[in-house]
Structures are given as structure tokens and as C-alpha cells.
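Two complexes, one shared chain (chain A), two partners (chain B, chain C).
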Partner chain A sequence: MQIDKFAGMVKFSLSESERATIEDQSRVLVDSFGLLKNIDTDGVDAMFTVLDIKNVLREDVVAKNISKETLLSNAPEQYGGYFQVPKTVD
Partner chain B sequence: MSGLVALEDCIMQKDMPITVGSKILDGFVSPVNATIVNRLMDSGYEIAGKTAMDEFCVPSFFDESGEALDAIQVVSEGRAQYALSNDVFGKYRKQAAENGCCYIRPTYGTVSRFGLVQSVSSMDQIGVVCKNLSDGFALLSKIAGRDSKDGAMFSEENYSYAASVKDIRVGVPKSLSDFGLAENFRTVDIELEYFDVYRQVMYILCCAELGNNISRYDGIKFGYRAPDFRGINDLYTKTRSEGFGANVKLAAIMGAMVLSQDWYTPYYEKAMKIRRLIKESLRFDDYDVIAMPCQISENPYENLSLFAPAALAGLPSVSFPHNGKGIQLIANVKREDLLLSAWEVCK
Partner chain C sequence: MKYETVMGLEVHVELATETKLFCSCSAKFGADANENVCPACCGMPGTPPVTNKKAVELALAAALVTNSKITPVMTFDKKNYFYPDLPSGCQITQLFAPICRDGWVEIETSEGRRKITLAQIHIEEDAGKLVHDNRIGASLVDFNRTSVPLVEIVSNPDFRTAEEVVAYLEKLRVLLSFAGVSDCKMQEGSMRCDVNISVREKGSSELGTRTEIKNMNSLKAIASAIAFESGRQINALETGSEALVQETRRWDDNIGETFSMREKEGVADYRYFPNPEIMPIEIDDAWISYVRENLPEPAHDKFIRLTEKLGLSDYDSNIIIGSKNLADIFDGTLKHFDNPKEVVNWIIVELLSIAKGDNKGEDDIKIDCRKFAKIMELVDNKTINRAVAKKLLLLVWKDGIDPEQYVEENQLGMVNDTGLIEKTIKDVLVEQASSVEQYKAGNTKLFNFLVGQVMKKLAGKADPKAINELLAKHLE
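Coming up: the complex of A and B.
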């Protein structure tokens, strides 16, 4: 298991104890996944969702839902009506 | 209709804080009401407050805490008549039946999820903790029905639930349960094909979906932001490492794994194919409902197999105490009437 690689993909930095616990638990889970290979799925389509969903398209309609102020009020930091982020380009 | 309704803290109530049991949403205030909150209030129910929950609905599958869920306690102690929750993994169905309550998980796609914070999108489904199923279904009839704000719903505008059938055929997986149901029902021995992989399929799909759903929590737009960081990547990593707990981290890491190049086909895609086989295997032809126990092991991961079919196949299920044990009944899509009918007999 490449725990640090996969943790990095989802932007987690793990402590030593977290890594040890996740290694132990993921080993148990992955061992249990081995049974899947016994199931014959040749010719079976993957099921993403149980509903038979189709795109329902409509014309765009202008509506006032949530104000910019309301949305920004939940931001950890904001400045001048925008989300504030650290410098992203050196 | 009237009654006090507690909301699990993943359901938005306008201007109230919402945490989904996570530090990552620290400080977040709901900008809207969930559709079901509006419908409850329009129907005369009162919101009692929020109940604590497992972070993003994910329990530990390795260490079952003995603590009763907040929503179950609130209803069993009479502090609210109902509690609404998103019981993906079965913990509410199990604990409700163990604590003198009932739980209704309706058919997937019949109750709006607008204003429900996503955990596992293809299985998220708001359900009801109640003292008896007739009251629970009465409440459900007020909140169920199509909502244009939830794109994954059936088209019916309304649902009414009533016990309809007297002579119910109960499928009993012979290796799993012995509830003495033969006294009241025509029972049929059934074998649940693919039962041995129910929990694996569910866990793989849940991890993949949860991992994607929580990618939006980055410390920029809302919720928690780590106080000290150097640059944008460090902000993301520190915020998420400090903001999420152990069970969610494990699930998200497993999700990244099963979606990665080498694992996608043998695990994620394979699980989605088996999901179809599982749904097609639950035919409800010579039985009307399936009776399952709420516990078969002290190991929570093994118990997940009991709650996987409803989640994977989008089926309605209920749980309640019966003959000193917790029983779970599962019916075909939109056949909640059969579950109510069976409960009427059992009670």
C-alpha cells in the first residue's frame, strides 16, 4: 500500500500514528476486496446510480437565489468582495 | 400535522450553523433551508434543533462505540417526536431498533436532498427516526415528492403511504435470520446472491464518492482554514489534515486508491458492475419483502452487509424492534406500503 501517495492525492498529511492506523485498516479492507474477483462480470454494465436519469435541459432563467454577500460571509477570509487566497504564483 | 422534528447536522436550516460532524465546516452558517425543512414547516411541524452525527455519516468500521446516536436518544427519550438523518451505512437502522424506535429509509430519489450536505451521492437518502411507523410515514408523506432543485429524483409530485396488503410473503435469508416470522407471515427461504461481497462493493463505492464529494473543502470558499501555512498547496493540505477526522481520512484515501489507474478496473469498475448484479438479483418475485437482522457480528464492517442492499439498490427499508431483536425489512422500489403493512402485523 502506498498510503502517503494516495493521501497526497487527497491533500492529507498524516502523522505517524495516523499512517500506522490507516495502513492496518486499509490492509484489512483490501484483503476483503479480494473476493470481488470471484464474481463473473463479463458483459455487465457498470451501475453509477440506481435511477434512470436523463439530462433535462431548459432555457437559462435569471433568478435571485443566494446573494454574493451571503456566500462570502462563509469564507474564511475575504477582501473587497472576493475570496482571499494566498499568493499562488511566485 | 404537528410534532417536534430534530435534524441531523447535515441538513441545512437557514441561518443556523451546520457542521456535518466535522471541524472542516467550522463557522459555516446555512444560507438556505433544505427543501424538506420548508416542507416540514409548511406542514405544521416544528424544528427542535440539530443532532450530532458521525463525521460526514462515516462510522468507524473497526471500533463500534457503545454510545447511542444523538438522534436516536432524542426520539427514544421523547425530546422530539421525530429525527431526520442520512443513514447511509445502517447505524441508525440498527440503533433505532435496539432502542425502542423505528427507522424509515425511503426509496432513493423520493425525498429531496437539496440542502443535505453530500456524503455518498448515489446512496444519500434522508430518513426518519420515529416511535412508530404510521406516524413516521405520515411525516414522510409531507416531505417526499419531486423537487426541481434535486436532479436525481423520480417524477412523482407526492407520495402517500398506507398499509395495503394483508397477506405478505416475507423472504428470509435462511443463513441470517430467525425471527419467528412464520407465525404471522408466509415465509419463504431465500438466498441472497452476492451477499459475500455486499460490504466490499458498498465500501469501495462509498469511498470513491465520499472522496470526491469532500474535495470541495479546501479552506478557500467556506468552513475551516488552517491558521498557519506557506502557499496555496500548504493551505489545502494543512486545512484538510486538521479539518477531517480519522474515519473520513481513511475513506478518502481508500477512495483515491480505488479510483487510481491501477485499481480502477479491478476494484471500482468491478464494484459498479457487481452493484448492477446485486440490484438485478433482488427480484421480489416470490416474496414481497426481505427480513434481515440488524446485527450479525460484533464487527461493524461485517454488519455493513445487512444495510448494503437498500443503499446499493435504492430500495426502501425500515427497522424496528421485534421479539427482542432488531429487524430490518426491505421492499422493492416505491413499495413502502408493504413495509408499513408488515409492520402493522408485527406490532
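Coming up: the complex of A and C.
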């Protein structure tokens, strides 16, 4: 399994025991998809959702529902109205 | 050995909506950092996306003007990657059922006309903006652009020359701006283009190793980047100086070269999957008809109207339809002053040169059409002469003055009093007796000098035609 590769993509660092747990859980998940593979789906339309809802749309009207101060108040670090993050370029 | 260049384009166009794609934040450009942000577009948990109907309709308009096949039921997907400008960790886009596929756009180059085929157009959200600040040794994130709606227009690898690429982008700009889809300004980033480029031996049917060039913000930069990159690839194949790898390269306009952007950690793995938070969107014939019927007049139809119905020249008409903004100014002014030839002349000769003096392009001109038309009307009914009119236009451009009121307050109205003009002419003929003599001796060039002297005494406010006629009479 490519646990390390996927962990790398989402920038997670895993301890040995976490890695083992996730590997076990992932195997169950992947095996379940293996089961689905055996089902004959010829002539069956792909199902996107189990809900019978479509076209949930809104009109193009501006609404402001939160202030910049509130928005930024959750940020661990902020600077001059920006969210501050570790440097992303050298 | 003979090589040919093969290119495909990915063009991102910002949709001209008021709000973002999945929330009601303003999509306006130029606000202070993080001013137009809410929990949904900065990726807070538990904030489901609600699709902007207008964005879908503008994308439908893009589908229609590019002759694309519209997908009856479209869906949105998540494209996962980790980067600080993407707060939710995934970009909402369309992979499995994009809004349309298989379109085409006809282009015209020195080689003639040909069709460029499109693989698909999909709707997606933009990412935020990162500012790298060396003083504090950190990166700063502004989420104002996050979730602003875009369409990405993906062509097939149909292009062989930079000329075709430029013609295609020009054509897209005209089609999309006239349909109201986007203002398509490359300099401001509302139209962006990535070029996928490879070279191969002429006659070969296999594609070579391709690179993707990014970061070009003008047609000129795109043409230069294509020339550089195809040259680099041909050189690599011929001399073996470097191995060609599939990679993303950044165009540096100052240096005039492309540079490898990053060593990719293997092939990018975006782990696309259907976005379960957004229900499928069914696009039925009624909706398509509604969008089609509400499309503004396409550039080509406008050209026919200008040339055939309004009797304008092909040359003038092409200038007007070269920019949606100019075309709007033309139509807006024509509404108030029904003389197409005059309106076109004033736009092309006067307005464009004033704008050029202010370093503004066709798309950036802002003028009150009613006031613009008023100036033409004042000339037409002989209230003011052209010289005064030109000054007025400059004042409308700079200060937004009201032309009629300004003429009245500053007494710029034309001198229509023939008696006064004749009296002034007589004065000038006495004062400039030697010039008059030379004129009568055959130096006809002095006629204009004398007209100028009369005009000067009348503070530039007389009708030059009247002075000409009266002066000619007096010099007989």
C-alpha cells in the first residue's frame, strides 16, 4: 500500500503505530471496492448521488455575512490583513 | 531534419459574475486583502458550496459561441492537492461530466481559415493569491480570488504555429467578450493561457515529449515563449544537449526564456472524485434556448450591421468590433446621436488618441456616451466648432464636465454674427496689408494665415467655413 505516498501528499506525518492502523483500515476499504468489481453493472447508469435533488442554484447577488476581523480571528498567525503561513518559496 | 511544433492550449477565462462560484462573496477585482471572503470560500468545515446560476449560464454562453455539445447533466468533482492558496485542500472543478465537449472555433491566419477543435470546457474555481514577504520570512495569503468562477477551455493539439495560437486567442477574446462571458483582459489575468508544446519530425504521427508553459500575460509573450520553447526542444533533439522531460516551465518575459518550474514528485496525483456536496445540474433545452436568446449581438453580426446597414467602411467597423468596450461605446453614443459616420470618426480619431495619451487601451476607455454624443450634437447644430469640441471631449474625459453647461458658462458658443466676422476680417486685412499684397501677387498659401488671424481675434469661436467664405469674398 502507498500509505507514505498519500500521507506525503496531504502533508501528514504518521507514527509507526498510526501508520499500521491506517494501513489495516485502508485494506478493508480497498477490499470492499474489490467486492464491487465483481458485480455486473452492464447496462446500469452510473449513479452520482443517492439523493433525488438536482439544480441547487443561487442568484448572483452579493451578500457579506462575516467581517474580516472575525474571519481572521481563527488564524494561528496573521499579518496586515493576510493569513500568514510558512514560506512557500526560497 | 524538418521539425514541426504541435501545441494544445488551456485557456482560463474569469466569468463576469458579481459573486463567487459557490458563495455570495463579491468577485470584484482589487479589494483589500481578504475583504471578500467568507467561511465557505476559505474552506471552513461545514460550509457547503451553493452554485452560482449566473456562472452556469455564462459557461453555457461560452459553450454556445464555441459550437460545443452541451452535457445534459453536469457534475462537479474535487481535485485534491495541498497548497496554501487552496484552503479546502481541493479545487472544485469538472472532470467526469464537464459542461460541454467537442466544440470548435474557426480561425483565420495568413495560411487561410481552419477550425481548431476543443476537447472540452469545464467550470472551476480560482485559487487564492500568495504574497511572499522576505522581511517577515513568511508567505501571506489573500483569499479574495479563491472560488472566483472560471471556465477552462481545453483545445486539442491542433496548433502548429504561434500565428495560429495568437489568432485563436484573439478569436476567443472577441467571441467571449461579446457574449458577455468575460472581459478577457490578459494583462489583468481575467484571461490566462497555458501552452502544451512538443516538437516532432515532420510527417510523424507520434507526439514528442511535451512541456507546459505558464506565466504569459500578453499575446506577444505567448508568441515569444512558443518560439523559444520549440527552439529549445529542437536543439535538444538534434544535439542531445539535454534530455527532454515532461514538465511545467515558466516563461520569464524579461529574460526571454522558459525555466523548469519544479521537479515533479512523480506524476501529479490529484485523486479526483465526484463532489458529493453539489447535486447534479440538469441542463435542459429550455434553459439552453433561454441563454441562446439572451446572448448579446455577436461581433460578426455587429460587423454586418455596421457595414451593410449603417454604411461604415470595413476598416472602421473592424476597429469597432475589435473591442467589446468600443462597440458598446459606439452603440451607446449612437442612441443619442444618430449619425454612425460621425460617431465612428469621433471614436477612432479623437477618443482613441486621447486614451492613448493616457496609456489606456480600447478595453479600458470609460466615457459617458450621452455627453460624448452631446459634443457631436453641438458641432452638428453649429453651436461650437470642431476645435472647441475637441477641447470639450478632453474635459469630459478628464473631469466629466457637462458639455452643454460648460459651453454656456464659458461662452464657447460659435460666433454666428456675420457682421462681426466681416468687421474682424476688415480689421485683419488692414493690419496684415503686406500679406494681403503678397497673396494678391500669387502667394495663395497666405490665405490660411489670414484665416488664422481672423480666428485668433474671434478667440477660436467662429465657424472656419464661414470665415473662409467671407474672407474669399473680401479678397476678390
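Quick notes on this one:
Keep this in mind: the second predicted complex is superposed on the first by the 76 of 90 C-alpha atoms of A that agree within 3 Å, B and C clash if a C-alpha of one lies under 4 Å from a C-alpha of the other, contacts with A are read in each partner's own complex, and residues count from 1 in each chain.
By definition in this document, a contact is a pair of C-beta atoms (placed from the backbone, for glycine too) under 8 Å apart; a residue touches a chain by one contact, two chains touch by 3 or more.
Just so we're clear, the structure is a prediction, and the values are computed from it rather than from any experiment.
The larger set of touched chain A residues comes from B, when the choice is between chain B and chain C. Look at A:41: by the touch rule set out above, it reaches chain B but stays clear of chain C.
In the superposed model, A:81 makes contact with chain C only, not with chain B. Look at A:66: by the touch rule set out above, it reaches both chain B and chain C.
Looking at the shared chain after the overlay, A:9 reaches both chain B and chain C. Using the contact criterion defined above for the overlaid structures, shared-chain residue A:49 touches chain B and also reaches chain C.
Residues common to the contacts of chain A with chain B and with chain C across the two structures: 9-11, 48-49, 51, 53, 56, 66, 71, 74, 77, 83, 85-88. Here chain A touches chain B in the complex through residues 1, 3, 6-7, 9-14, 18, 21-22, 25-26, 28-29, 32-33, 35-39, 41, 44-51, 53, 56, 66, 70-71, 73-77, 83, 85-88, going by the rule given at the top.
Considering their complex, residues 5, 8-11, 48-49, 51, 53-66, 68, 71-72, 74, 77, 79-89 of chain A touch chain C.
Per the touch definition, chain B reaches chain A in the complex via residues 27-29, 31-32, 61-62, 108-109, 122, 151-154, 194, 196-197, 199-201, 203-204, 211, 215, 218-225, 229, 231-233, 235-238, 240-241, 244, 246, 249-250, 252-257, 260, 266-267, 269-277, 279, 301, 312-314. On the chain C side of its complex with chain A, the touching residues are 17-19, 24-26, 32-35, 37-39, 42, 44, 50-56, 73, 75, 80-84, 89, 130-133, 136-143, 265, 269, 271, 274, 276, 278-282.
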